[in-house]
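Look at the two complexes coming up: chain A is in both, with chain B in one and chain C in the other.
Here is the complex of A and B:
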């Protein structure tokens, strides 16, 4: 009698297949790489039963099968259940880290214990390029009051004042911003009072303002964006009326943070078209650009979630209409430029824009065709931000890739279902905590850039003002939309569907890769980029092609693990 | 210039920290908790803390770092975070199923005054903690001490919750590991094995933060000190605390609780600190030092002697954590280098005394500072006043190194822009040779790039 043992190992899960004389065998089920919409339906059942009842009930409303025609109502911008491993950060991160972080000539002082300032020090890759060697640039510096226990007990206002004095003595900045961390609100330090006091004490035209962006204020970074928007409007926008540069085609780009040089690429494209970019909020920005932003004639909103409040406020106060743009993906960058042409309605500009698009698309098309050979038909999942999980689907579409599942870390319902649902969104206690500022028409400077009739005519031509259709209409029917994805759900997604690329952030990066799936970071771009605009699209095609062609993923099994070998021994 | 506003002129700062050489307690607690097998660190505070700490650790180790959070809202900040923690405990055990949850506090929950002892015992009473599972905790207010303190507090909590003395002592030495890389812990265990000493290391991040890529993800990797070993530390005959700032408190607690005597040594970075560690282990484990280690030592000496001209009298600026800086300064002095500027944001007398003792005669011009406002801005100002030949510290030094055009060796936490911390140890004699090679590479690459063309040498 001869016993033969086959050893077969797949993905590090060893299963021994015994074949005896009767021919009985056990097999490992193959991971199926082709995922159908029906398969996606299983996901929810699979994950929910693991949660405690209350948690399952809550998550049930945040995990949906998409319908682009009539987007289902998703639960978003609500508290994460304690204990759930979430991607989300805090209000401070949204305010100091995201919105105010990229401005190079404001001294941003974190008022609190050292950690918050330390972690937000240069970790978001906001690039900045001062115009001269001597221009102010504080981006590489981290300023903190480094609160100690005595400051918690006796209050930290005096230390904050002294810190501001020292910052001024050392650097003589034009502006100082103060960011509150969790304990500040609890012990009752009033950063706004300190700001007013120090502005008066220092004089010299210095601008000092505070943000009540304590980490606990909202359910995610999103609250911090809102607080930052309010602060930008109250303390910076509209302080400088001088119209500089070309008076034609003056625009602002809102919600662009110059990660990996995105803003540089968009600046290049605008300049090439003869479009005068007054301010970017806030990639590669300066105080003066913010102060001057109200002299623009059109606001373009890129990251809707983090900056739509500023667009709204500027429209109310100064009469500047806003449109949603998505300069992520070559086609949608072209679409953005055409919208600008249409808005200004000047044939010279329209022609120039078409010329630029034609010129840029030569290299884009070549790069796309090259990449398509490797990327076509592959599958992606995106869980990031409040707009990136939407915008980057443009680039994947251009690469012939399908998005199986996507969702935001800190989006609201309008980022999923479109702004039409805003009136139906219930304001809960967490949102009520965030200051709403009342903005009215600026008495002297309100100037509607377009008359009602002009706007109507443009709308009739297909332009949409103050609108955003959200992520759901772009995604295919039956794909999975998941808000505030938990670590457990992420593991399940990968286990069940094995996407070709998973897009998220640094915290997710290495667990996904341990599972044998490449992760593309869409916060930091894995230290590549830019990905915006035309050149950015080319970079992205190349990077995704690189991911599709990376061969190391095929070497996960050692030869002795994957070989079927035969051990035999004679039995007498 | 990147740090274009930094000038040589110092002012007497009393409140403003600029470019800190430290961060806050909870990240240290989170790191240490990963060194217990099957443990999920839990941050009792708002989400941002957990997110920031996980990001910082992930950027450094390039490895998954799992931790959960109590996700405080404004309401929990007003009424206390008890409900959040109890609900978190229930959710964590049902969804993520760790053996142990290691809760640490944040400045938020500390300022509110949440009482962890009471909250956790309530969770236990209410049956939220499944049989055989455990919730441990430590206080890590961010406004006291630094990340180093947080690490120490977490290690002490292991002793508090696990170490147990039975009537039977075992011939085992506890190696209480201070803040090191997983590769360093692996190397220390190798040295102990080479010496045939019976040891228990805690915490132990090797095989946790340096796991292989296999296509399968384990939330709780195979490494980490097991609970059984952690309990048994109470029966060991001696503890060696490796790095006084991070381990002395745990050693004291273990002595008080289980009568395990201890001594603390510096982290074995460099020749003399390694000598001291090996002698301590040899004495307390009662094992001889094998020839193999003496030979490793000899190879290190050989390399130092061969390259002496590149080390002698070179001025070095350093920043980082005291447990790293003290043996590192000692090593630089062994190499006849001159550590002239040293800062650490972590306060403590031991650092000041050790620096005074080491530098008073050999480098009388040296400046050093610890605690509040002992920051990298100050270090840079000193460098502006009189330059240095080399800078050693975490990734944030790259801006100074570029502006001042000085060779830069990355060492400490966090190193986010270069991989390899979890591969090549810096401890032990072999680790010291790794470090020497890094120092030499930095010097010689710099020379090759910047010297006049006619001075470029093939043999160096």
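Here is the complex of A and C:
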């Protein structure tokens, strides 16, 4: 009997049909996916019954079907259950690795045994570009006190002091930051006292400060971000009042870490528009830029989770309003630029911005149309970071792709449901042990950039200040929102829905790809990028077209193993 | 800071001259333990401590092996840190069992749990006592790996020792098999070791065997715990082997370094079996190069009483022939060798026998045995001007290298920045390699592996020469 296989493609649904010589057709299996909202409902039952009762109860609150109109309350920023393999990192990683890591002229000393320092040594692919060849750049160094047994027993403060002396003798840096790891908190080394002591001992105008960012302190890296934000504000921001460069259109970009050169692309776009970028926190940054940041007139928050504290503090102390921006995706980059134009309200700037957008969109549109032919209708899932799972949906929308499910590793409720819920967030023990610093108006330098009336007028025109609506309002009704996705849940997601692209990090990459689904790393961009701004969008279109439409998965089975292998001649 | 002359004339004193470390040449102890644990069949490793440790170690191992590496954590919070990890430990184990059904749960401690003095053996004992009615209760193994004692290399061998100590039981007469305890080698090299013992027709308990778990095929459906690995039953009978072969001279004997009091309790798996079950122990180095490979093959031959298979005699012959073909390209070249101590010893022995001068042998490890072992193993090939640096960081290495003017670096990816700065070529081997594809397939052991490594070194040197030549030779 001769069986003929053909594939019938209709309405995004591909079905393998087998037809025998009499013309009887049998459906062998459905390939590809057209997942409906009803299908997504199954996920929760499928997953929860595997967990012990208490765990199931806890996870139940972190797995939701979305409603963009009235976002349901999600459980976020609570401890991961032990034994569940999580995507999350630790407080130290958020503080040293994420926020302070990308600044090139601070020497970052990890106070602890060797592992933590080593694993955060250039692994986040933050790029930096010293302006001259002689400019300081310490990012390729990994300083650690490399604590040994005797330091744990007798204390590591002396070793830390010695490490600071050595770092100073070697490099004469302007600033040294000390990061505490787990055992440091336990044995009670006081890194802040050491910092003060060494600042006095060395003199020379050096700035030395410590961070109590022991790994066990918070729920995830998010605690480390908060600690880093406090440190930035206490020790760096506002130390240099000189207004440099152009006095018009002065802005800061907060929560951009220059992975794969994202900051370079955004710097290019700002420069082209004539917008004066004072400081980026902290991609391609220097100490001086932080110290000078309070001379800007607008703060733009990109990664809300990791840096909103600095934005709030600068507003309180110096009167700089902040807006949420998403320069990921060409359309949302254009939106960000238009917001800046609107804020400054200067026709010359507004015209320039429109000119730049029109100019940039030529190449963007061409690239998008090319990619769209293949990517349209495909499905994506994103589980990454504290804002990336939101921002990258813009790019997928531009590619005609639907996000079936998304969630953060270390987001809080406000990152999902919007800042309106902040007053209702319960403060638990894990948040309480992070220092809250009280910021007041700076007596001499507080200068509201816009009057109440001006702000009201801008709000009436549709601008939103000090607000973030969160991820849920952007996602379609019935899509799955999952906080702190566990490894096990991830496998289930793939098994049930086989998305065309899954976005996460390197820890997830090879598991997902073993299941025949391509994974795009949105922490390191799979060593590509940039993905921000206009040129970044083009890069992303090309990369996604390439990975979401690859045919390599067909080769998973050798021809002799495949059910579609026909050992006969084709006859029609 | 020492002057060039004084650097050249003596073996450097123990450790860095600095109190701190800048660009360390070692990773932390639990990382090594996780690699070794992945060599057990049906295992899920768990780190008892903060979740960051598991996350960092996973991301680091994954970028080297390019395979899923699942490691659970007991996720310490501040509360756990103060009141102890008992509750987290039990919840962690419960969850691992329900989600993964592992045959083995291998637990390594971290600096956090060690500093607060967690008694993990006790926690295991109590868990097993309260759950003794549970069907298929996984076997639990514990290795003590505080990261302020030793390096990842010690962590690896500590985990090997812990697994053998927990599982080995004497329940019968001496068997017809041997134990082969390997070192931090690639999955490909593990496969080669298996091939060798198989060709000798010696039944073997090879541990740790992560040749499948860390270098797997593509699947069409996901397996929560990958197949492969040394089984619990195999390790149980390791006590009945008629001999143990250990690859490496230093192993975890440096595990005491950094400790305030060396109470001499560190043992390797082979030493433990010898002490407790009278299993004779043969120790050779990592079989890289002709002389060290000869030792390994001769050891297998003499303990089994079998001839070295013709296949390997032919391989040896071809390797000698290759040395003859390639000697002119490598002779008198000055190389810097760095990495784990046992690897450094093996690579130095290999370099010395092909006429490369190992001008600097450096390791982040501080067993105190590197210099002595090098002298002993290299014997008459010992290069008298060799600088031996233990407890070295890359920054210190660079400083010494500026004086020594080497032609070549042999070691892991982390040294690349020095090679780039000094414009010398680098041959990547060891751990970690994350700027080249195929770390899991790096094959350097045995005559066959040495052939590959030798060719790689020669070709790297030739490539460098070609690249820098103004003429552009294409016939060299």
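Here is the rule we use: the second predicted complex is superposed on the first by the 529 of 572 C-alpha atoms of A that agree within 3 Å, B and C clash if a C-alpha of one lies under 4 Å from a C-alpha of the other, contacts with A are read in each partner's own complex, and residues count from 1 in each chain.
Operating definition for what follows: a contact is a pair of C-beta atoms (placed from the backbone, for glycine too) under 8 Å apart; a residue touches a chain by one contact, two chains touch by 3 or more.
What you are looking at is a predicted structure, and each value in this text was computed from that prediction instead of being measured.
If you stack the two complexes on chain A, which partner ends up touching A:488: first (chain B), second (chain C), both, or neither?
In the superposition, A:488 touches chain B and chain C alike.
Of the partners chain B and chain C, which touch A:137 in the superposed model: first, second, both, neither?
In the superposed model, A:137 contacts chain B only, not chain C.
Just to be sure I read the superposition right, which of the two partners does A:93 touch: chain B = first, chain C = second, or both, or neither?
Touch partners of A:93: chain B and chain C.
Applying the touch criterion given at the start, work out whether A:203 contacts chain B, chain C, both or neither, answering first, second, both or neither.
After superposing on A, A:203 lies clear of both chain B and chain C.
Shared contact residues on chain A, chain B side and chain C side combined as an intersection?
Correct list for chain A: 50-52, 55, 79-93, 109, 112-121, 123, 140-149, 151-152, 159, 162-163, 166-167, 170, 181-183, 185-187, 215-217, 220, 429-430, 433, 487-488, 491, 505-507, 509-511, 513-516, 556-557.
So in the complex, the part of chain A that touches chain C is made up of which residues?
Within the complex, chain A contacts chain C at residues 50-52, 55, 79-93, 109, 112-121, 123, 140-153, 159, 162-163, 166-167, 170, 181-183, 185-187, 215-217, 220, 429-430, 433, 487-488, 491, 494-495, 505-507, 509-511, 513-516, 556-557.
Quick one: which bits of chain C touch chain A in the complex? Just the residue numbers, please.
It is residues 18-24, 26-31, 46, 49-60, 62-63, 66-81, 88-89, 91-96, 98-99, 110-112, 115-116, 146-149, 151, 216, 218-222, 224, 257-260, 364, 395, 417 of chain C that touch chain A.
What residues of chain B sit close enough to touch chain A in their complex?
1-5, 11, 13-20, 22-27, 42, 45-49, 51-56, 58-59, 62-77, 84-85, 87-92, 94-96, 106-108, 111-112, 141-144, 146, 211, 213-219, 345, 372-373, 377, 396, 399
In their shared complex, at which residues does chain A touch chain B?
Where chain A meets chain B, its residues are 11-13, 50-52, 55, 79-93, 109, 112-123, 133-134, 136-138, 140-149, 151-152, 159-163, 165-167, 169-171, 181-183, 185-187, 214-220, 429-430, 433, 486-488, 491, 505-507, 509-516, 556-557.
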